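Just below is one structure, and these are the notes that go with it.
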Amino acid sequence: MLYHVRMDVHLPPDMDPAERDDVLTREKAYSQRLQREGRWPHLWRIAGEYANISIFDVADHDELHTLLSGLPLFPYMRIQVTPLATHPSTITD
Amino acid sequence: MLYHVRMDVHLPPDMDPAERDDVLTREKAYSQRLQREGRWPHLWRIAGEYANISIFDVADHDELHTLLSGLPLFPYMRIQVTPLATHPSTITD
Amino acid sequence: MLYHVRMDVHLPPDMDPAERDDVLTREKAYSQRLQREGRWPHLWRIAGEYANISIFDVADHDELHTLLSGLPLFPYMRIQVTPLATHPSTITD
Amino acid sequence: MLYHVRMDVHLPPDMDPAERDDVLTREKAYSQRLQREGRWPHLWRIAGEYANISIFDVADHDELHTLLSGLPLFPYMRIQVTPLATHPSTITD
Amino acid sequence: MLYHVRMDVHLPPDMDPAERDDVLTREKAYSQRLQREGRWPHLWRIAGEYANISIFDVADHDELHTLLSGLPLFPYMRIQVTPLATHPSTITD
Amino acid sequence: MLYHVRMDVHLPPDMDPAERDDVLTREKAYSQRLQREGRWPHLWRIAGEYANISIFDVADHDELHTLLSGLPLFPYMRIQVTPLATHPSTITD
Amino acid sequence: MLYHVRMDVHLPPDMDPAERDDVLTREKAYSQRLQREGRWPHLWRIAGEYANISIFDVADHDELHTLLSGLPLFPYMRIQVTPLATHPSTITD
Amino acid sequence: MLYHVRMDVHLPPDMDPAERDDVLTREKAYSQRLQREGRWPHLWRIAGEYANISIFDVADHDELHTLLSGLPLFPYMRIQVTPLATHPSTITD
Amino acid sequence: MLYHVRMDVHLPPDMDPAERDDVLTREKAYSQRLQREGRWPHLWRIAGEYANISIFDVADHDELHTLLSGLPLFPYMRIQVTPLATHPSTITD
Amino acid sequence: MLYHVRMDVHLPPDMDPAERDDVLTREKAYSQRLQREGRWPHLWRIAGEYANISIFDVADHDELHTLLSGLPLFPYMRIQVTPLATHPSTITD
């Protein structure tokens, strides 16, 4: 099932640089693992903002929440989830 | 280039049924043509709302505006466009 | 899977009374059928507003959208859907 | 009487870990006691967000406020309360 | 129990004058009956707006909804309800 | 003259406890003095929130501002003031 | 006492021209009478919008509401009232 | 002096086609005259929306309001004006 | 030319008292100088809020920005500027 | 291609002065380089606010994001991007 997820990241500008690099490294690894598993099929950067729009493909809400709340950047994020149904005019998904 | 587009449709409940069917039929044909051309790669229904989230893949803003303003349902829509850049962690697009 | 759904109804005050009664009768029958089927386990009136908060229990987003967009009152509604996951502290659901 | 309550939690990312675990432990115990007493019949996690939607069943506004303001996480919460009346179409509550 | 209720009224400017006078007359009689019964202890006009702030004193949410949805002007209103608890510093209510 | 005042309080969770108790004690004494003087006839707690709705009865805007800006909690408050006129249907105030 | 009032006017584009001219003529006469009486000391046009910002100088909320609700354009207006107190740094009012 | 102006146009979908073409023709002629006069140096279409962002270069607020309120489409527009000052880092304007 | 300016001040409650007094003293002196020069003809306190509504009378946007950004409290302010044109019905300004 | 970009800057008032001057100096140099390269054709100060409206002229979303996220002040900014298409009535761009 597809979920549309917008993530806005707010890292404190005076965050310890080492801590910052660590959390970003873990975030990248975490997201790329999920992408390889096919559970995070789309990840786009919103041009000009420290935010992304993603499409998740998971079994249910619980799995979605587990993945999102497990994001290393989760404590620094504002997340909005929108469930996506099949559009009657779509010829692809 | 990718554009994230949200379209909210507001058709007057007392719209003439024939007119309604006509505009919906033209809308479906129009969107499926663009999908086949690869310019509208994703079209999802927002579950529970008369709205969709789409991804357009076009050359530039002018082409996007021409396509969107040409939608038969355009006069009945509220549209929000978000330009999508490549995310540093993405492994696909 | 559980979905939290808020429905705000806006019927034109000058709507034809017969038409109004008809759509409300069909709406009640429709919702009570889904309730009996266990797909609409909770339906509460927001005190003071022509709006309700409901909990739907369905298989996926598509089924939810089919049920909601099939509501006789759908053309007169503003609907907001929130997917509900299992809370780590809950002792019931 | 039923109250719909949305709770959004904002814990400072740099909160002392011990303090954090303590308040979360007390919060879980507090909420599960109220659930067992039947005063907090529903507690759902909003998928993707550090927030929940709950249904409280209590005698009146004062009791609701006492319970909510007594939450260990109360100082870190934004809370929205919506009184729920009986819906004319409901077949259950 | 006390409920804080804000009512914003939107009457179409081109409403039939007779119809308008009728609904306003019935509204006034309805509200003054409830005031005399002590169920609507406070009714104030928001200066400059076709809106009021009221305090209702009723047994529960159902009674509140019955009274509010029974207002002749209900179809032309936007209503916001806020449940009021006893304030720890109050010396009166 | 009556003023409707909503006060939302935001005390930093990590505020020094002694400082916190002091400001709350002074706030309670301050508000109860004004209540006894009849200038603060109503003070209600918004159920579930660290906020109140009050009715002030004072001579003019200056007096209102003096009283509100003199609240010990004023630096921690978001305040919204709404002037209340006499409602044509009221039978009391 | 001074009140800051913002008035946004929304006249239906398809309003009968004669009706439109009549209400605008009455509005101008009404406002200029109040200005001459010193009760409407300032009336400015918000550049680019069919809206104005005004300062009223009247005895109390009731008088303000009487004047505003008596505006010929009142049914077509959205009005926001802000009570103005004396600023500690002002050297004029 | 420069003014940033956003114009959102809302034409009723069921507007008489002849009337619609007439107002659009007059609008185009009006805007192109002002552009030639150098008073409307920039006019851009917001991609995907029936809205534009413009820069006006006029002597003062009155002139701006005269030009904007004179737009044939003015009754169908929502307009937001932002005064633009010289930026300390700009090397051009 | 007239500009309507709303200033909302947010001073950190735990600001060093001496620093606070200093910036407030400089702010008062600064504003009173501009008032005496006739460039800040109106300065009103919004009753109940640490905010003011002011009218500035200056030559152009640049002068306005210089004055506002020079306010000692500028770093602690949220400012909204609205350009004011001459109202067709005004008999004064 | 043209992008409309609004940048709101929020520097902590208690920021280390040296650090502040450094980031502002780097920001000015960075922006003036891009202006000289023709990629940042317009940069205006919003009168009264620590914010600017800019027009960028770049090849695509990725280039825009690279430039914006490279701004020294980026961590202290809220940025809103609006893609600009060619307006059918424009006689210049």
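Side notes on the structure shown:
For clarity, chains are labelled A, B, C, D, E, F, G, H, I and J in written order, and residue numbers in each chain start from 1.
Convention: a residue touches a chain if its C-beta (ideal position, glycine included) is under 8 Å from a C-beta of that chain, and two chains touch if they have at least 3 such contacts.
This structure is a prediction, so every number in the text was calculated from the model and none was measured.
Where touching is counted per the definition, the chains common to chain B and chain I are H, J.
Taking the CA centroid of chain J as reference, the farthest chain centroid is that of E.
Repeating the H-I interface with over half of its contact pairs identical by residue number, the matching pair from G-I, E-G or A-C is A-C. Chain D and chain I have CA centres that are 43 Å apart. Chain D and chain E, compared by their mean Cα positions, are separated by 29 Å. If you average the Cα atoms of chain A and of chain B, the two centres end up 23 Å apart. Counting partner chains per residue, chain G has residues 2-3, 45-48, 61-62, 64-65, 81-86 touching two or more of them.
Chain-to-chain contact here is organised irregularly, matching neither a line nor a ring nor a star, and falling short of all pairs touching. Pairs of chains meeting the touch criterion: A-B, A-C, A-D, A-J, B-C, B-H, B-J, C-D, C-E, D-E, D-F, E-F, E-G, F-G, F-I, G-H, G-I, H-I, H-J, I-J. Those residues of chain B that touch chain H in the complex are listed here as 3, 5, 12, 61-62, 64-65, 68-69, 74-76, 79-81. Chain A makes touch with chain B in their complex at residues 2, 4, 27-28, 31-32, 35-36, 41-48, 52-53, 55, 82-93.
On chain B, the positions that touch chain J within their shared complex are 1-3, 60-62, 64-65, 81-86.
Note for the complex: chain A touches chain J at residues 11, 13, 45-50.
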